[in-house]
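Each in structure tokens, the structures are laid out below.
The same chain A turns up in both complexes below, where it pairs with chain B and then with chain C.
For the complex of A and B:
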């Protein structure tokens, strides 16, 4: 079942918070995973894996580098669910 | 009509002894950070590696393998003449033929033992233990010497930011023989060649022949792909090895994953839900990633430091280029 973009953002924020220890409200659409949230390439793969499980989508490894911001990831997941 | 005789099986096998040999040169992160524009802090944070050990120019992979094997033979109270089969896992024996195992067997006085190399990269030791277990229990061999040996410093590129900075040199040997009690659980193993390029040699020997300007081949990896695969797809393999051995995570005393990256080890421990009482091998911090040698090196260290003891149940899993993987629960010697 498809989620709204707000639901995806909230779910993704929980995953990021679990991986990084950041508060969920720090995970906003415009935030850059690397520059703002200080998430390295390996933590990003952990987040991607949990997001795949949570939202029932597949995020190809070669696509991950295109997910610069939280908003990019939310949009990708929303499209993949559609 | 004469009835064909088949080898008489024996019921159980176990690891009788382990021997380890490390590269003698300790290489710090600062020593290698320059050409990859990195830093001690970055390497520690991404990999957990503080130093890696590498062998000098005067020792090749078979020298490392021989040293580890001799220690294992002494620990088992055996000589080369007691060995029926030698299985060497390596990707750094630079002759297509003859095998390193045949040369090694002769050096150890194990001739005419059966001897062959296997190519299973970082899973090679666990592949070898699985084969040795089968050879011993089938009655095809009594004592089998399994060696994971690598001189990875022979195939690194100091400017490569993907894998070279992780790698170290070493050899670990185990002798598998018959046992009165079960000592090696079922091996859960497999491969995924659809990811064959995720850990790779830059170019083949025939490509080098056609274009010598390519230079000596070295290793590369797609770090993110390998991290994801190892962290999240290997934990279920390790869990299956426990299930097939009839043990629960609470029954395991020691976890010895291939020492690829501390972040992978941490994630696997989390995915497996291992109790905090389980001793987790973290030899990578000092030895680096030694591919097929890493599991026996880490096991030998835990035993020699007294952190693990003979009779402990250890879950071990190897995984790497191929991609290939193998896991089993073993009783420590």
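For the complex of A and C:
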């Protein structure tokens, strides 16, 4: 079942918060994973693994480097679910 | 107790632990002096589901989830979580020494490594495929992970090491820390051991080796070193970490000193993969080397924290070895077997028992050995039972013995500050 973008953002924020210890409201659409949220490549792959599981989508490795911001990831997941 | 050695004196300035008796050193030590047992029935169905003949263990008293933030829990195997908790306590207890990172070492061992992560990863792979494998799996399962995280925590760049020698690992790590300082490679070393193996696979494997106590109906009475009815060891978990410093470094910053690690003795039995040499040659050699390095005589030894795991053969072999080394001087040694209370922390045991030995020397109090209803008639050294026993004043020495599957023997001599 497809999620709304808001649901995806909330779900993703929970995953990021769990991995980084940041509060969920710090995970906003315009935030950069590397520059704003200080997420390294291993953490990013961990987040991707959990997101695939949670949203029932496949995020190929070559796609991950294009996901610069939280908004990029939310859009990608929404499209993949459609 | 003087000698003309030119070895640098190495002192203990910080202690940290998380154990079946308590979440830190003060609570663990108080519980040990009070003769409490950390063994309990497991709150799971492993025994039934997998037909494991043992349904209890000495599980950690304070769960890491109560102490560490969630992201640390997620990226560290439990063995590393325990080590980090103990290391932070030890470092704070030492007064968070200011030291150049190039002069700071980390030596943290585990006997078995990140086995929860290893087995969880295998379950994930079989049930859900490689795509679901977590990227942090390798850095979590590697046996040097506790040493690496401790090095990261304090910026220890003089070296991060993880010596592995089964149940002697924690003591060997401390011995290596002493050597790093004596060799001039570090001024301060954070060192010790950790273990987190209360998972059904290792429980079943230890049970298969017929080394565990099967006293399911009375877990707290199961670990009974030197009692005639002992029937095997009790698996424990947790970590012990100490901060070692060169005496000059500690004095220069006015640090509180608990005791000295005056001698390190290492040997290998080269006899059998699991059984100790019945002649105890390796054990005696390790103790003799430690005593010689400390520049003391057998008469100075007033206390031994025994390896004593509560197995039929091992306990008595060790007391014979102590008698062989000390002769008549063994009559005035007070022997403590603290695994009677903590269970066997495997790779954490030698480190936790070094902490007990350091506390015993600094507080002049040998901890009790519980559950000895009927002492084994072959016991050859006076045993501290039920109540703590006072150690003499003046210059004293104590020995902590740790022996591991594989024939590894480590003896550490602790002397008063």
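As a convention for this text, the second predicted complex is superposed on the first by the 82 of 82 C-alpha atoms of A that agree within 3 Å, B and C clash if a C-alpha of one lies under 4 Å from a C-alpha of the other, contacts with A are read in each partner's own complex, and residues count from 1 in each chain.
The rule we apply is simple: a contact is a pair of C-beta atoms (placed from the backbone, for glycine too) under 8 Å apart; a residue touches a chain by one contact, two chains touch by 3 or more.
Not measured: the values here are computed from a predicted model.
Of the two partner chains, chain C is the only one touched by A:19; chain B is not. In the superposition on chain A, contact of A:61 is made with chain B only, not with chain C. Shared-chain residue A:3: touches no atom of chain B or chain C. In the superposition on chain A, contact is made by A:49 with both chain B and chain C. Of the two partner chains, chain B is the only one touched by A:40; chain C is not. Shared contact residues of chain A, touching chain B in one structure and chain C in the other: 42, 45-46, 49. By the touch criterion stated above, chain A contacts chain B in their complex at residues 40-42, 44-46, 48-49, 61, 64.
Interface of chain B with chain A (complex): residues 45-46, 222-225, 227-228, 231-232, 261, 263, 267. Of all the residues in chain C, the ones that touch chain A in their complex are 69-71, 74, 131-136, 139.
For chain A in complex with chain C, the touching residues are 18-21, 42, 45-46, 49, 52-53, 58.
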